[in-house]
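The following blocks contain the structures, represented as structure tokens.
In the two complexes that follow, chain A is the common piece, with chain B as its partner first and chain C second.
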Partner chain A sequence: MDKQFELVGIVNAPDDGEKGRKTAVKKRPVVSAVILALIVLICLFCNLVMTKDPTYMDLYNCNVFPNGEFLFGTDMLGRDIFSMIWYGGRISLFIGFFSTLISTFLAIVIGSVSGLASPAVDTVIMRATDIFLSIPSLLIIILIQAILGTANALSISFVIGITSWTSIAKVVRTEVLRIRNSEYVIAARCMGSGLFHIILKHLIPNFISSIMFMVIMNIRSAIVTESTLSFMGMGLPVEIISWGSMLSLAERALMTSSWWMIVIPGLFLVATLLCITNIGNYIRKENNKSHSNL
Partner chain B sequence: MNSLIEIKNLNHKFSLTKKIKINALEDVSMSINKGEIFGLVGESGAGKSTLARCLMNIYTPSSGEIFYSGINTCDKNEFRKNRKFLQTSRQIVFQDSASSLNPRMSVSDIITEPLVINKAKPTHGSYRDEAAYLMELTGLSPALLESFPNELSGGQRQRVAICRALALDPTLLLADEPIASLDVSIQAQIVNLFLKLQRERGFTLVFIAHDLAMVEFLCDRVGVMYQGHLVEVAPSKELFSSPMHEYTKALLSAIPIPDPVAERNRIIPVFDGIQLGKGEMREVLPGHFVRCERGDNAI
Partner chain C sequence: MRKNRAAYYGKKLLIFLISIFVLSIAVFYISRIAPGDPLVSYYGERAEKMTPEEKDLAREKLGLNDAIYVQYIKWLKEAFKGNFGISFKYKQDVLSVISGRITNTLILGGIGFILLFALALLLGIFCAWHEDRLPDRIVCQIGTATSCIPEFWLALVLILVFAMMLRILPSSGAYTIGGGGIADRIEHLILPVTVLIINHLWYYAYMIRNRLLEEVRENYVLLAKTKGLSKGKILFTHCLRNILPSFLSLMAISVPHIMGGTYVIETVFSYPGIGTLAYESARYHDYNLLMVLCIFTGIVVIFFNILAQIINERIDPRMKAEEALESGGDTVSG
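Presenting the complex of A and B:
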């Protein structure tokens, strides 16, 4: 009798919860996160690792190949590249984060207002955004930078910030349009909550995950834009050290065949960008799995 | 009994395009008394939810007036003057508990949200204590305080939504099909919960439902809606025993009888879906209103 019961009884489902968790851990971008954290930390505490003064021009040691004293060599002005990397990384990362902060803030404000406003106002804001989006961003950046005068880290990040909010704002608007008709927002309105409360408590927590990927990618593109500008000689001047301004010496470096002047800052730039991209991709995938409503 | 809500000639139109307009509510007039449970029944698209949303000022009606405690809520100036009072004393519970709770807020945050918004002082200690008290009132374990809506079952979520609606101790609670998305055993629990809470707290409950048996069990008075018109209003017992309007008769006969023989042999009166024209509510018996076509003496 017992055996018969066992035959037709409950069959326990195979417990593969552990397995699933392991694969999830595997896919986490641990290496990228560690490398990025290392770069950020060393840049923040660059005083501890710098072997030379990065701004000091040692004219006796120009164009030196990497050796024991100058770990990554020197550039044509005789500055130690190893120290410059960490010192300049601070500026590059600052521009990346600060301009993203500006553009994300603008995107959230403009997107939310556009999504919550009446259809007429919404159309005006969105068409204005479209016009803004259709002008090549490099052109606007150069224009605004010219108005602002001499470039420094703050003005560069401000300029990059106010030109890169458009695509995030569009996503924010779409999400707000979806969320604003959900019943918890209607319920909150019935309770008499103000616009500010709705944006802060209901809208932002619900769309932040869908723009997270774009925000992370924004840090990347801000760093790239700064490098591009500096490389073209329109960004930071040579005496302000950043990865971009180091690369701006590239053409002259090519003539003296001192490859390390390009390859080393380039390598750091690419490594940082790759790490950020990797983390951004992971966040996007996690978001696609998504927090189920049911 | 004195009335809490007076609805006078309420109309509401939805415009699909510039030319096509849908009359969701046409010439609805009725009153709801203080402290009663008023049921609103009718088929899908009859305008029950639209009426509820007009009562909550979610929609602004095209024409007509709604008086709540003597305040004309359709008048923008009067609404603005009494905004705080209106927003704290009227609360709503929606049909779909999954979408009426913010998936990113914890249960305790959801329940105390109305208190935080209106800067009201919780009556039972901290906000958290107030949430725990309300949860116990609706039969939820306070252990769920920190959980998120997606971790709860449908019945639990609906109870959380009821907690949120009760947080400000409202005078009027609108329940817009609160049991439609729940299974039968949970429906019974929620209906009993409404009954218990209403007896304890004495608020006025407007209960919208498809399920006629539930309405008969719960409500003191019932209004029947059809194509945006209110066709009959009567005390619950009277409406279910002697319906007057053709549509009400057809609707009530659709209730299944738990007896196979009776079920097989019964004849369902067909309501041919006539377009209702101009009509008016007439008091046929004391408290029993039926909509009659204008100029028509027969019912």
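Presenting the complex of A and C:
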């Protein structure tokens, strides 16, 4: 074809882009969902699959290479890694979900209050949020954890939860500012409904789709934070098994090149995080479809 | 207009100062409430053998007996004179402890930062060029996967493979004790920098990719195409120029993230930077050191956040246009 007479507008028509985008959207993350569901289910019913007591320290079988008896080998303390994976996964996933629950609750309350309140209150809350956001979260987490004393699953979820609400709160506030003056909210206010009624019945249904992606990503980062903290020796102690605390013995495992102690728990961690990310990305694309003008 | 600008920067400066002030109070209080005995970090083993009277005297000497706000005011007064106290653990002036370490962190973070953004830009352009075709999809998949790997685990695996099994790279430290020149330093940097880049690369490359894809849907691209410009020419001379503000603000926002990243990486590689120092001082309740490190980190983070805001609000020409409209409206109404 003669290049000189190429019809440029048609080649680049927005329809083309739309089509490509839609097919990309339609691909549901089936594989990720199935793998994640499997991991969650097996962790929940770990009693059925565990071949050993995950907390039992078999001192005759420390540092054993994966074999028929110990499917994934044993760690430095002689615990069976196969059983620990499922047993510890429960704690890791629990921390992920529970701390996200806390942070989402805080974010919705703070964001909604800030969005509904007078501009002065709004400014103060937002500035405070900015300052809070500017402190490196790992440092705050370490400090608060130090005050709370020895960590357990609940305290660590609490600490992660109260330090990770800021970005969601900002989105909530923006959305609330957008819908606070709609007729139905004004009508509800005229009928004398309280703050929580408005938040629950009118605001949440409207902004839930725009924060869903961030909420899911929060689960992911909570799991990462827990494992990083436990690995550094500032999260869960070695006795409380989680994917992070299993890796806290990694320094010693390095000395003996016992790769299975490092690689196996990490692979489960990464697989879970990847599944969560894929599902999150799918939800983001789904939600963007309607109101993005791209 | 000029007055406007002064007010704008003044406001940003005020926010900056208030943030740091609040931050310093928060860190001061939290670190004082935290359990753990700073005497142990100062005197080590000897602290356990001291009598209660001796302990009291030692606390008095270190100024730990006053109410917390009195301690804070004292600290603030000294800080303005440039005296941040001595590190309990190292028995040295805090600033001299930090200055010994900070170059290491700057080298690690700086090299990582430059390589990271060079690679992110290239990868972003590559993906935008092949939008939704096979190369783009492959890179996207791999990228998503790498962004899911926690950095400490990646560091562990790399140490395991390259330092323990293949024995070609050192596993820890910034240089070999006793010897080593620049080559030795570089050898020690390879693994930490790799972890830093792999961990952050996709996040930024993906942002650049999406920003470019937004840009190529603009009408001026059609115009350029009708003029007969090649795809490469449009992308590199027009689109790239237009995403420059986003790119700069992305770079500014990334500084805190990369800093947090280097802290974790330093700890895994026992790299003698301020990250390991922060970790140690939090563990051993070395208050003075912790204060300065937190505030230093905070200053960097807040500074770059505000810088990103300024870039977004000031450099983006669309913002300027809006502002012109607004001020034009003002003169009309006034």
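FYI, the second predicted complex is superposed on the first by the 261 of 294 C-alpha atoms of A that agree within 3 Å, B and C clash if a C-alpha of one lies under 4 Å from a C-alpha of the other, contacts with A are read in each partner's own complex, and residues count from 1 in each chain.
FYI, a residue touches a chain if its C-beta (ideal position, glycine included) is under 8 Å from a C-beta of that chain, and two chains touch if they have at least 3 such contacts.
Every value quoted in this text rests on a predicted model; they were computed, and no experiment measured them.
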Which superposed partner A:H197 touches (first chain B, second chain C, both, neither): first
Touched partner set for A:I186, first chain B, second chain C, both or neither: first
Broader residue contact with chain A after superposition on the shared chain, chain B or chain C: C
Partner chain(s) touched by A:P205 [first = chain B, second = chain C, both, neither]: first
Touching partner for A:G266 - first (chain B), second (chain C), both, neither: second
Contacts of A:G68 with chain B and chain C, given as first, second, both or neither: neither
Chain C-contacting residues of chain A that also contact chain B: 294
Chain B residues touching chain A - in the complex, by the definition given at the top: 56-58, 83-84, 87-88, 90-92, 94, 96, 98-105, 113-114, 117-118, 149-150, 164, 168
Residue ranges of chain A in contact with chain B within the complex: 182-184, 186-194, 197, 201-202, 205-206, 291-294
Chain C residues touching chain A - in the complex, by the definition given at the top: 15, 18-19, 22-23, 26-27, 30-31, 33-36, 131-132, 144-145, 147-153, 156-157, 159-160, 164-165, 171, 214, 217, 221-222, 225-226, 256, 259-260, 263-264, 267, 278-279, 282-283, 294, 297-298, 301-302, 305
Touching residues (chain side chain A, partner chain C) in the complex: 8-9, 12, 14, 17, 20, 24, 127, 130-131, 133-140, 142-144, 146-147, 149, 220, 224, 227-228, 231-232, 234, 247, 250, 254, 257, 259, 262-263, 266, 269-270, 273-274, 277-278, 281, 294
